[in-house]
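Okay, so chain A shows up in both of these, paired with chain B first and chain C after.
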Partner chain A sequence: MVALTLLVMASAFPFYWAIVSSFTPESRLFQSPPLFPADLVLDHYRTLFNERNFWVPVRNSLIVAGTTTAFCVAIGGLCAYALARLEFRGKSLLLGVILAVGMFPQISVVSPLYLVLRQLRLINTYPGLILPYLTFAMPLTIWLLVGFFRQLPAELEEAAMVDGASRLRAFREVIVPLALPGLATTAILTFVYSWNEFLFALSFTLGPERQTVPVAIALFRGQYQVPWGQILAAAIVATAPVTLLVLAFQRRIVQGLTAGAVKG
Partner chain B sequence: MAAVRLEGISKTYPNGHVAVRGLDLEIGDGEFMVLVGPSGCGKSTVLRMIAGLETPTGGRMLIGDRDVTALPPQERDIAMVFQSYALYPHMTVRENLGFGLRMRGATRPVIAERVEEASRVLGLAAVLDRKPAQLSGGQRQRVALGRAIVREPKVFLFDEPLSNLDAKLRVETRAELARLHRRLKATAVYVTHDQEEAMTLGGRVAVLRDGYLQQAAPPMELYRRPANRFVAGFVGSPEMNFLPGDILGAAAPGPGLTLGVRPHDLAIVAAGAGDLDAWVDVVEPRGSELLLYLRLGADRAGAELRVITAPEPPIEVERVVGVAFDRARLHWFEPESGQRVEVSR
Partner chain C sequence: MSVSESEGLLRGADPIRGVERQEARLAWGLVLPAVGTILLVALFPLAWTVWESVHLHDLRMPWLGRPFIGAANYLEALGDPRFWGALGHTAFFAATSVGLELILGLGLALAMNRAFRGRGLVRAAILVPWAIPTVVAGLLWRFMFAGEGGIVNETLLDLGLLREPLVWFIEAETAWVPVILADVWKTTPFVALLLLAGLQNIDASLYEAARIDGAAAWGQFRHVTLPLLKPAILVALIFRTLDAFRVFDLVYALTGGGPGTSTEPIALYTFNALLQNLRFGYGSALSVIVFAITFGLALIYIRLLGAELTGSKR
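So, the complex of A and B:
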């Protein structure tokens, strides 16, 4: 119990510090530890959105992460369903290859990907980020969803097909509703991954008009000073959607992560 | 309604396992056909092939006059009751019952009317808005049944639908199924491993073993004239006794045959007055009758003989009694092939 409390405090403290600091005036940031702040100001947030136009990277991130998630769940869902249900030669090999693709260190593919994207004239565009994200997020999606689909009894869709549904309709009417917790969990993980991704976003964008949140924050530091207050404020803004998402779907995620552990 | 015809149907799985070998079987229009056999005999595979959930690797399958061998399940107009019921857990009973009609494009009023009727017949009216998880085992079973009957399909398929019920409910539902079939006059194929269920339900019973059809006949025919030793042993309870044919001396129609005799066709008489003498090993009272386990041979180490006899007069264990064989009800089998040997009288 004590250990748990300490662990929670240890992991929560940086967040607390960041939140408090983001509301502290620049002048007092480096004074005595502002453990219990006296006066809080919205200065950093105002600068962030008024002067720095932080709306643009937030919008970019939402578009890129949202689209990646949508494609991943839709396409990955169908792939995973096929892999979970159909028997064909080389299935385990295919699953292995899919997993291997997701295991490549990102840094090793940045340069080739850059060349490919330049050939396709996709540098500094949304598709130029979404496509690479898909290649990395899709394997994870597929692996997670194959697991979820396998837990659903095959007799359910057999019953649906005998009842007159095509395979695709059985998937939509019977399997998808039952796999919702799994789909939600997978969607959130994909979204968080795309939202936080830094290396590709840095490499494949050229200017602030297409930069995502992590890149924008990293490029805040000027030549002579680091605007810590704004960086912290931006970090809070960047964390907010993910936190809200996770809180909103918390029950679903827990359901998803433990699905099949006990018979429901 | 329609007849189902299987012509030389085979199924070999990719791993080389042969589940069904050259099966020829015709299920008449409105007939209740039971497929029975020990586990692994191929009966469920046959049912799944009729449903279209498995594709035969050889042969032809017809429903009515239509060749359905390569058709997917949704185009066969069949209904199936699964062993696990396979109710859709996220739908209410009403939605479960109406699902098949909805998939086939029935209009809302038609669906409502048919669901209403089926729920009345099956006593589900009170639970129409519940989800399957809130139902008892018997209710779930009836929903699975209802989902099949609302559709009025060409053929009903049942995959061991009673095996998840307790003994009492199973007997009740068995009778209900028989009534339902009489009312619907529908073609039905029913898979079970329980020979008693097969005998009580089947208009005809097909016995399978290792993917081969052993015999397809009405229940009493199966009981009285089993085609081979396997069917003889599988059908009827307690199991038929098998003895060396020479045990009855000159009664054997040929040398070296195996004699089969049902426990009901043996009578207990005074020692020395019957065909053989035997030692009483165990007596099991079954209420209306006694089941005796006898030992043959002077040293009590011979074959075991099961005998059903009336509870009166009582029979004491560890005594020698005489056993009389009903000569009109003996079965003779080839020792190697197990085939029945017909005795002309």
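So, the complex of A and C:
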């Protein structure tokens, strides 16, 4: 019990420290600030949004991660349903290929994607990020959804089909409503992965107008020194949405993360 | 598929085979958009990387064109000390961080497997590091390990473990400390959750039986928990090693590969070859090598896991 409490504290501390520091005046950041600060200021957040226009990367990230997620859940959902519920030749091969693509290192496709996007004049655009994001988001979505669809009892759609509904209608009217929690969990996980993505966003953007949140933070520069206060404020802004999503759906997310892996 | 079409199929000579064929056709219709997307954005680029890797392609020197040069890029990599250094750093990082994560994760999973109050809180607390962007995690740890007045130095000074502030990022040996700690901090929760799911699948009556046979806590752990947890451990090992092998964000934010190139992992070196030096042929050869290594690791693990799952009777 004591050990667990310590672990929880170790786990939460860096985050706590970032929150506290993001409200500490820059001049006192590195002068042994107390663990429980007395006066907190909003300066860093003000500079972040008023002078650094941090809402631009936030908007970019929302658009890119949101579109990627919507596309993957819609298209990947159909694919996952077929893989989980229908019989056809080449099914296990397809599943294997999708899993393999999901595991391969992003760096191995940076060079051709860069050349293609440059040719299509898509460097530094939203599609220029969304298309590369599909390489990891699509396999992830399909893999998670196959797991969720398999958990649903097959009798339900069979009953619907005996009653004269077609496969597709059974899918739309019986399976989709039942799978909503699974679809939501998958959407959240896909969104979190897309929101956090760094390598592609760094490779395929050129300036602040299309940078996503992680890239904008990593490339923060001050005139004379590292603007730590603003970096930490930005870190909190970058972390808040995913943290809230994850905490709100923690039980389901844990299920989603572990189900695929353990049942293989 | 339209209604009339499916009716047509149903009216065929062999109704059962008709239904089967209809189902297969529907299935392909459903998987096609997603599979087509994956082909287009992942498999086709992967093939292109291989093609690039056997050509000379330097974006700084477009007048050279893109001549075929065979294995020259690969031979250059084999003779490139920075490549071998990067590979060594990656292997070191993967072995150290994954090792620590498995040990800590197993401990955490065992502790969480006992029912206790506040389990939800513990799960929430350990999920937060997992959810935050890796770049942000790297920056948080760089901030905490800052030379003058960083919280780590301050604490070590207060405890008397240091006489003067340590500049962590100036030597390779000390620069690895925050890198590995940050990775352990961020991904141990994931390992713990995978192992916890494995633990919860173990039948409680097995422990009962072991106890009746006189096995103490350690004996139960060695003879019941560990063997039955092996598949889950292997799965965690696969995911984490493959992940650690492509480490990029964390090092980029924490050390930038420095001091010099002494913490530069292979993904960062490849990125620099491509987008800093614009050497697309050479960078693609490095990409193919990274891919091949990851693929090889995955195959070895899958063999191990497959043997573990199917050959358990041995």
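We take it that the second predicted complex is superposed on the first by the 242 of 264 C-alpha atoms of A that agree within 3 Å, B and C clash if a C-alpha of one lies under 4 Å from a C-alpha of the other, contacts with A are read in each partner's own complex, and residues count from 1 in each chain.
One rule holds for everything that comes next: contacts are C-beta pairs under 8 Å (C-beta built on N, C-alpha and C of every residue); 3 or more make two chains touch, one makes a residue touch a chain.
Every value quoted in this text rests on a predicted model; they were computed, and no experiment measured them.
Enquirer: If you tally the residues of chain A touched by each partner, is the higher count for chain B or for chain C?
Expert: For chain A, the partner with the higher number of touched residues is C.
Enquirer: Just checking: does A:P153 make contact with chain B only, chain C only, both, or neither of them? Give me first, second, both or neither.
Expert: first
Enquirer: According to the stated criteria, A:E87 is in contact with first (chain B), second (chain C), both, or neither; which is it?
Expert: After superposition on chain A, A:E87 lies in contact with both partners, chain B and chain C.
Enquirer: Identify the partner contact of A:V162: answer first if only chain B is touched, second if only chain C is, both if each is, neither if none is.
Expert: Once the two structures are laid over each other on A, A:V162 reaches chain B alone.
Enquirer: First (chain B), second (chain C), both or neither: which does A:E51 touch?
Expert: neither
Enquirer: Taking the superposition as given, does A:L178 touch the first partner, chain B, the second, chain C, both, or neither?
Expert: A:L178: touches chain B, not chain C.
Enquirer: Common interface residues of chain A with chain B and chain C?
Expert: 87, 166-167
Enquirer: Can you list the chain A residues touching chain C in their complex?
Expert: So the residues of chain A in touch with chain C come to 1, 3-4, 7-8, 10-12, 14-15, 17-18, 21, 29-32, 75-76, 78-79, 81-83, 86-89, 91, 94, 97-98, 100-101, 103-116, 131-132, 134-135, 138-139, 142, 166-168, 192, 195-196, 198-199, 202-203, 213-215, 217-218, 228, 231-232, 235, 238-239, 242-243, 245-247, 250-251, 253-254, 257-259, 261-262, 264.
Enquirer: Could you pull out which chain A residues touch chain B in their complex?
Expert: That would be residues 87, 153, 155-156, 158-167, 169, 173-174, 177-178 of chain A.
Enquirer: Given the complex with chain A, which residues does chain B contribute to the contact?
Expert: Touch list, chain B to chain A: 14, 51-53, 72-74, 78-80, 82, 84, 86-90, 99-100, 103-104, 147, 151, 157.
Enquirer: Given the complex with chain A, which residues does chain C contribute to the contact?
Expert: 1, 3, 6, 20, 23-24, 26-28, 30-31, 33-35, 37-38, 41-46, 48-49, 52, 107-108, 111-112, 116, 120-137, 139-141, 143-144, 146, 148-151, 154, 185, 189-190, 193-194, 196-198, 201, 231-232, 235-236, 239, 242, 245-246, 248-249, 252-253, 267, 270-271, 274-275, 280, 283-284, 287-288, 290-291, 294-295, 298, 309
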